[in-house]
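The same chain A turns up in both complexes below, where it pairs with chain B and then with chain C.
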Partner chain A sequence: MMWRVGTVVALQDETATARTITLKVPDWPGHIAGQHVDVRLTASDGYSAVRSYSIASAPNAEKRVELTVERLPNGEVSPYLTQELAVGDRLELRGPIGGWFVWRTQQTEPIQLIAGGSGIVPLMAMIRSRASTGSTAPFRLLYSVREPGAVFYRDDLLALSDCYNKVSLTYAYTRIPPKDWPRPPGRIDGALIADVTWPSNLAPTCYVCGPTPFVESAVGFLSASGNSADKIRTERFGPTGDRK
Partner chain B sequence: MNSHTYDYDYIDGNAAAGELSNIFAMDVTVAEGQCAHCGATKRFAEAHLYMQAPGVVARCAVCEHVLLRFVKARQRAFLDLRGMTCLILDTSQLQEC
Partner chain C sequence: MGIISRGFSGRRSAADAKLPPGQYLTTDFPVLSAGPTPHIPLDQWEFVIDDGTNVLRRWDWKSFRDLPTETFTVDLHCVTRWSKLGTSWEGVSVDTMLADVKTDASYAMARSYGDYTTNLPLKDLRNGQAWIAFRFDNKDLAPEHGGPARLLVPHLYLWKSAKWVKGLTLMSHDKPGFWESLGYHIYGDPWREQRYSGDE
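Our next item is the complex of A and B:
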């Protein structure tokens, strides 16, 4: 697969440590919600580093690709992408990649999305794709996040979860919940999964994305609730959420 | 159960799609691969992928046996597929290429 060049046309901070980069990629062939790209940075001495980032945007005709990048302490690539990259800069990317962790607009069955932290990114592409195509597939999102300030796409999620044909949205806060939040802070557990996800007898397709330990536990709870393994698709990004 | 299962240093086979696209004409991550060790047949995207090594190592999600090793060095790529008895590809994809 060839490397393409995209030009940065917009930058938007999602949180104190995460930024959405909008690229215009003239020869972009189109993508499916859930796919990712590899981004390659090359230093003047020829050293290069490649990282994978999920696409946050819905497929669109404008050849625009949005990536949301979380800055990792001691990261080699993410500090550059989140702090130094400017509008007008160019980035090399390879993609779209991956035909497994995808939601296609032809799917009409109930969809259960479960995000841990920045694992929301490919799931947001699915939610946006559903909205932009007018799909009525029933969607539920369970979004586990450290605190309210760490939520990505807050306004979009609010709008898409508070309209006709809405996506049902549940936040689970692991450290600091908003005031008067009913559930004490903590990781997702079997009771929460049983309470807020689709009943398994509806045979939802489940997409789980997050750090590897988060995905392991979420998949365990989904299985315990009766969801069959072949209906659960996962995308893990490592022990701490560090991609590669 | 193998002790590897509870080490959280792996990601999904999905993540190798870009690297393997240099070798295969089709997206191998959606292909089904049969483990030569335990016989489980699963999507390559579901394999456990270890990328800390100089290359990429994919292990069976069921038994953790090595399915694939891929290393690039000095203008050469080394691909070891002996951990899979069979890789089943969906040829309808070819129309999309």
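Our next item is the complex of A and C:
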């Protein structure tokens, strides 16, 4: 797979630690919502480091690719991408990569999206892809975040989630909910999953993305609610939580 | 060499010298799976070697655990670019499991609970290069890492080391498994950086 060169045309902070990078990639071949890219940084002595990032944007004719990068405390690449990179810089990337954790516009069945933290990124590409192609597939998103300030794409989600109730959105706050929020702060649980996700008899396809422990628990609740394993697709990141 | 990233110096460590190209060192044990983690009770677990038509060998958990085991320490390289060095395991060598199997096959499809598959040349499963592992770090292998038992083929990218493995189907011709059908390399040698289909 060949390396391509993109030029940074816009940068936008999503939260205090996450930034969306918009690249113009003249030879971009197009992508499917949910796919990711490899990004390569190269130092002046030739040393290079590569990391994978999910694509946040819908496929588009302008050959623009948006990546949202969360800054990891001891990261090698993410601090550069979120703090050093400037508009006009060129960035090497290759992709799109991945053919499993994807939503194709031909899919018409109900879609259940469940995001933990920055796991929203590939799911946002699916929501945007649905909107840009005029799909009428019914979507639901359950988005678990620490606090309101940690929400990515707030305005876009608001704009895309009220069209005829075909994309419904539920936030679950783990630490600090907004004032007067009905649900006490806490991790997602079986009652919430049963309450806000599609009934399993509608046979939704479920996409779950987030840190490993989050995905494990969300999938457990989906299964307990009657969703079959072959309808659940997952993308995990980060350690399992049991650090050595 | 690629385009220089203005202001990027990177972080190099002595240990990087031991890593395949494009990998970085982690001390965590990240998890990559395509779907839910299956939970397989030991009294329902079995491992079957077949040729696509006939069952050649079959073990339940007890007869599997009666086989001689080996402890071994290996480096793991995931296609998502993390490498973890010096991991310690216990398992049954695939040589042991294939010992009484007469076959002309050159390839195998590893099959897992949860319907995952991955293909390998049979020679990569022989000669002390592959195990059915059931203990990691002196503990029973956790479900999210492939327990009760997983294939471990550490000289290939880790997606070849099928979690929750339940058998091998021997094949005369190579055929892509799950990730190999979705754009990943048919063989997956980390030292040649064979990540994606089309990589040399």
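We take it that the second predicted complex is superposed on the first by the 237 of 244 C-alpha atoms of A that agree within 3 Å, B and C clash if a C-alpha of one lies under 4 Å from a C-alpha of the other, contacts with A are read in each partner's own complex, and residues count from 1 in each chain.
Assume a residue touches a chain if its C-beta (ideal position, glycine included) is under 8 Å from a C-beta of that chain, and two chains touch if they have at least 3 such contacts.
These figures come from a predicted structure and were not determined experimentally.
Peer 1: Identify whether chain B and chain C fit side by side or clash on chain A in the overlaid structures.
Peer 2: Once chain A is superposed (C-alpha atoms), there is a clash between chain B and chain C.
Peer 1: After the superposition on A, what does A:234 contact: first (chain B), second (chain C), both or neither?
Peer 2: Touch status of A:234: both partners.
Peer 1: Between chain B (first) and chain C (second), which does A:221 come into contact with in this model arrangement: first, second, both, or neither?
Peer 2: Neither: A:221 stays clear of chain B and chain C.
Peer 1: Is A:143 touching the first partner chain B, the second partner chain C, both, or neither of them?
Peer 2: The answer is neither, since A:143 touches no partner chain.
Peer 1: Is A:90 contacted by the first partner chain B, the second partner chain C, both or neither?
Peer 2: second
Peer 1: Specify the partner with more touching residues on chain A, choosing between chain B and chain C.
Peer 2: Answer, by number of touched residues of chain A: C.
Peer 1: Name the contact category of A:43: first (chain B only), second (chain C only), both, or neither.
Peer 2: A:43 contacts chain C only, not chain B.
Peer 1: Based on the superposed arrangement, let me know which partner A:103 touches: chain B (first), chain C (second), both, or neither?
Peer 2: neither
Peer 1: So in the superposed three-chain picture, is A:1 touching just chain B, just chain C, both, or none of them (first/second/both/neither)?
Peer 2: After superposing on A, A:1 lies in contact with both chain B and chain C.
Peer 1: Show me the chain A residues, by the header's touch rule, that chain B contacts in one structure and chain C contacts in the other.
Peer 2: In chain A, positions 1, 50, 52, 97-101, 212, 216, 233-234, 236-239, 243-244 sit in both the chain B and chain C interfaces.
Peer 1: Write out the stretch or stretches of chain A touching chain B in their complex.
Peer 2: Spelled out, the residues of chain A in touch with chain B are 1, 36-38, 50, 52, 94-95, 97-101, 211-213, 216, 233-239, 243-244.
Peer 1: What residues on chain C touch chain A, complex-wise?
Peer 2: 1-12, 22, 24, 26-38, 80-81, 114-115, 137, 142, 144-145, 178-179, 181-183, 195-196, 198-199
Peer 1: Residue numbers of chain B touching chain A in their complex, please.
Peer 2: Chain B reaches chain A through residues 8-15, 17-19, 21-22, 27, 29-30, 43, 45-46, 51, 93.
Peer 1: Over in the complex, which chain A residues touch chain C? Could you list them?
Peer 2: 1, 3, 5, 40-44, 46-52, 76, 80, 84, 89-92, 97-101, 212, 216, 219, 222-223, 229-230, 232-234, 236-240, 242-244
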